[in-house]
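Please go over the structures that come below.
Next come two complexes built around chain A: one with chain B, the other with chain C.
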Partner chain A sequence: MNITRVLSPIGLGLLLGVVAFIVFGPLLNLALWAFAEQWFYPNRLPTGWGFSFWERVFRPRAGAWTSLFNTVLVAFSAVILSMALAIPAGYALARQALPARNVIMLLFLLPQAFPNLPIFVNIAAIFYQWGLNGTLIGVVLVHSLPGLVYAVWIATAAFSTVDRSLEEAARNLGASPLRTFIGITMPQALPGLLAASIFVFLDSIDEFTGTFFVGAPEITTLPLLMFNASMGGNYQVAAITALILLIPSVGFMLVIERFLKADVLSRVGR
Partner chain B sequence: MSTEALTLNDVTIDLRQKRILENIHLDVAPGSFTCLLGPSGCGKTTLLRAIAGFTPLSRGDIRLGRRSITHLPPEKRQTAMVFQSYALWPHMSVGENLGYPLKLRGVPREERVRKVAAMLERMELGGFESRTVTQLSGGQRQRIALGRALIIDPPLLLLDEPLSNLDAAIRRSLRSELRRLQKSLGITTIMVTHDQEEALQMADQIVLMRGGHIVQVAPPQTLYHQPADLAAARFLGVDNTVTRQTSDPAMASAATTFGFRTRDALINAPQHPAMLTRKGRVTECVYTGDGYQVSLSTERAELCATSATPIAPGTFAVVQVPQSALIPFGPDDRHLPPLDRQEDIA
Partner chain C sequence: MTTSPSPTYSMAMPGKRFPRISLGILLVLPALTAITLLYALPLLRSLVTAFRDNDGGWTTDHLVRAFSLYGRDVLFSIGVVSAALVLIAVISIAIAGYLVLGTTPWAVRFLRWLYRWPLFIPFVVSGQIARSFLSTNGMMNGVLIETGLMMSESAQSFLDWRGLVLTFAWKQIPFVTLLLAGAMAAIDRSHIEAARNMGASRLRCLFGIILPQAAPTLWVGLILSLVAMLSVLSVPMMLIAGNPTMMTSMMAHRITYYGDYGVANALGLFSYALTAVTAWIYLRLTLRREVAS
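So, the complex of A and B:
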């Protein structure tokens, strides 16, 4: 007992260190690669530092800007599309009797139960017939598919926590069903809906497989650019792309966090 | 909008193939205070929700004044309801909560602000406009919920156990406050409660319900002294029943059973021929504050009575009940003489 008591702070510290290394080690390596001009095998650290690869990446013809624009555009479109479907679906499911709801929710999860690759290959085959391959719409659709599952699940959870008597009170005092939904139900479910949006957005930002089969080569997103760079052994370009990829994710999360905080505070009260 | 009468005719409700309410007839006079009283599961809340439009009828008709509201959606009925949980909207301030029904009616902003302030003043919560709902105490929330319902000047006010979430002291003061407010506004009010004391204190008319039926409709005094049947009597605190014996007072000759309340039964009082008398062995004696509650085991039944002095368990005692406190019941457990339910609607 005593030994464990003495060792436990040290053990805990060590454990935290290992976890930190596992989490941040690759990120650190990434940061090193982003600013390395020369880094060959026996050297532990890069032998030349600089920004010349940044210049190469951001050259107008290198495609980084287009990819970034595509990535963000596709992510926002996927959020809008998924939420447009998930909000009514989630509300309907939340107001269902439980057994029926569970069956439908499980059905929704079913696509996720299969391996991604065959699903995307088949989607690509279908989209090819419809002429959606290589179009932004096709990529948005393929990004919305996994996002929709999360979105519907989270939205259902968010709507089912809304106290029904709040809606009834609004109806009772003269609000139409639509007015009640917009004025009472939606604001109550907002934190959950925002959380669902984050999921879809982040899922879309680093979606690779679907984009690869449906979008490439016409549509390039940052993950595709990164893949090409890594496969070509150009770790600098890959690392820089990865860092750029962080910008929309972090930005979106900061914005959402502001909303979430204000809302949660007003709800929990002081 | 002026207050209006409410008429329920043959209201029947089924939920999931189960009959919740059957054949409910009820007349509520304009400006009166009616309590729907009954044990949980008797259908009283369902009836209130049906009036508000949240539960569809299988059969029957609901009329507010002259117009039928049976097929109107809740938002068209103008029946303001106060929910048991108050259902205040947590994402709105107190002022926004009160103003929302006015906003829905297209009342201009300045008038809204003025009306909200006046209502808060009336509820003795002046200046609370910008508070958040979560900052309020239970009693304050209850008053805001009431104010939100009253602000649309409804013809009918529905209260679903509005006091049951409050602690006893606030509940008692709010009872009389609510009753005063209702009287001063003269608004037709229907309140659901399972608390017989609350119903007796507040109502002009009590609707006693059981198992989806109306058992009795009567003013509080009548209900208290002449419950329609034995089960109703038990719900209203008649905790003793005795089978009639030949030596008992010669009232209500067809009665086979008498019911009486513990507080009316006296221990070892001077013998009197006009009283119902039973002898028994004391099994328990409990102090209740005003005196002692004595449990006795008699030949036929367990009885409870009150005594000013403690009585040792195991001793024998005489219970006497004055004739005026006896409630006679016939062989079918119904009150004698039979009460005509419709006649009691005052």
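So, the complex of A and C:
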């Protein structure tokens, strides 16, 4: 079989065009809905364009501002909480001789290895008894579960790539353990820790299931707002919210390789 | 030379008075507590609730009821997930293979830039995207009709099991491809060069040399995709209105409408079992590979 002839430049261009349509067509369709004021069957394109739905979404006292504020607040809190727990844990898992280290690592792997919906359902039932359902604290906690898992794994990998001889040199020159950690270890682990923070942040912004069970209806985040608008048949509002949610996701996709260096990636899970 | 400690060394000593092990445990303890409260406890509760009746006795009623009520949904979930996994595997292999073996530099560069776009797009947004793109008068049908590939009378909505498969694949292919292309790029180029020099076609190279070496990564990507598809609630709720639908949707339904944690957790047990079986197959395959090599 002569694959070179089949994939002649024209065929290749056509094939890539189809791939581009599969990737961008759905996104374009979403963007059209965000700016469509009138779009009825059988018109292929909207018959009225404009920003009136954007005004409706971002009217003062409309739900979107509260949702946006909740989303950002919860995401930053989840990052701070996860990293505060993961940095010491990652350091210890990378450096200290821990009893049952493999069991601990496995415990931090399980949440990603099995479907998490039953977990969220039961967290909601437990939080209900503790009075945490429908509170921001409850939502931050439920967002920190997937966050913590990423954070511990990436932090462990980041700390294990740190050059130990530099630390020993600092110690020999008289630096205290804490100063060595802050001055030598942290700067080297920082890119990995930043990547972990970004992962936690993105995961929290996109988180739907946990918020659905623990937060709703009192706490609305952007994904819930989008979901409700879509289920209510309001495609314009849903599309506008979806576009806002796309900004951090696509932005991070474009820069991922600058943050997650191959040497850290290759140590995840070791 | 004597080994008397220098002043600097003795200054560093106080840190060593604590036994290292307890310091390590101290550092891990907060994270361990969090994961116990947020994961182990709910997991235990889900397993126990699936087997408890209202009076606190042990029972298998919930399992039986879950299967008789939602057996079709379980089968539907398995079918959708399997179809999506096959699609993901085929397309990821094609894209990653072309990225490694492609000989047209501009096409390789363009494809590398192109395929990753849906990588971090949230599932809930993918659901909305699918709702508008795959509907009867969505852009997919529109383009098919305008290009003359389809009659406008035969336009139909894809918002059923096909929509689920396509949405899951659209969302997960970039992730699996990213992993697979990384694994393929790490393979010793000389193996590929040698085979090419001996006259092997690029397809033969891909399936005979590259893919077998990158297969473990493909499996990991597929298992992680399986877990993601069995976890996501928003997409089936947005795409499928009636029955049968994915297990996640039915679990949420059971809880929001009936407050029935027993049956919901029994359904959760099925989704655990499905993942566990797949992971077990994967482990067996890798073990056999390690024994063989």
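What we mean here is this: the second predicted complex is superposed on the first by the 222 of 270 C-alpha atoms of A that agree within 3 Å, B and C clash if a C-alpha of one lies under 4 Å from a C-alpha of the other, contacts with A are read in each partner's own complex, and residues count from 1 in each chain.
Criterion: contacts are C-beta pairs under 8 Å (C-beta built on N, C-alpha and C of every residue); 3 or more make two chains touch, one makes a residue touch a chain.
Nothing here was measured: the structure is a model prediction, and the numbers come from that model.
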First (chain B), second (chain C), both or neither touched by A:111: second
First, second, both or neither for A:96, with chain B first and chain C second: second
Touching partner for A:86 - first (chain B), second (chain C), both, neither: second
Partner chain(s) touched by A:173 [first = chain B, second = chain C, both, neither]: both
Partner with the higher number of touched chain A residues, chain C or chain B: C
Touched partner set for A:252, first chain B, second chain C, both or neither: second
Touching partner for A:30 - first (chain B), second (chain C), both, neither: second
Contact residues common to both interfaces of chain A (with chain B and with chain C): 171-174, 176
Sites on chain C touched by chain A in the complex: 8-9, 11-12, 15, 20-21, 23-25, 27-28, 30-32, 34-35, 38-43, 45-46, 49, 103-104, 107, 110-111, 114-125, 127-133, 136-140, 142-143, 146, 170, 182, 201-203, 223-224, 227, 230-234, 237-238, 248, 251-252, 255, 261, 264-265, 267-269, 271-272, 275-276, 279
Chain B contact footprint on chain A (complex, rising order): 163, 165-166, 168-176, 179, 183-184, 187-188, 263, 266-270
Parts of chain A lying in touch with chain C, wherever the complex brings them together: 1, 3-4, 7, 9, 12, 16, 19-30, 32-33, 41-42, 44, 84-86, 88-89, 91-93, 95-99, 104, 107-108, 110-123, 125-126, 141-142, 144-145, 148-149, 152, 171-174, 176-177, 202, 205-206, 208-209, 212-213, 223, 226-227, 230-231, 235, 238-239, 242, 245-246, 249-250, 252-253, 256, 265
Contact footprint of chain A on chain B as seen in their complex: 52-54, 73-75, 77-81, 83-85, 87-91, 100-101, 104-105, 132, 134-135, 148-149, 152
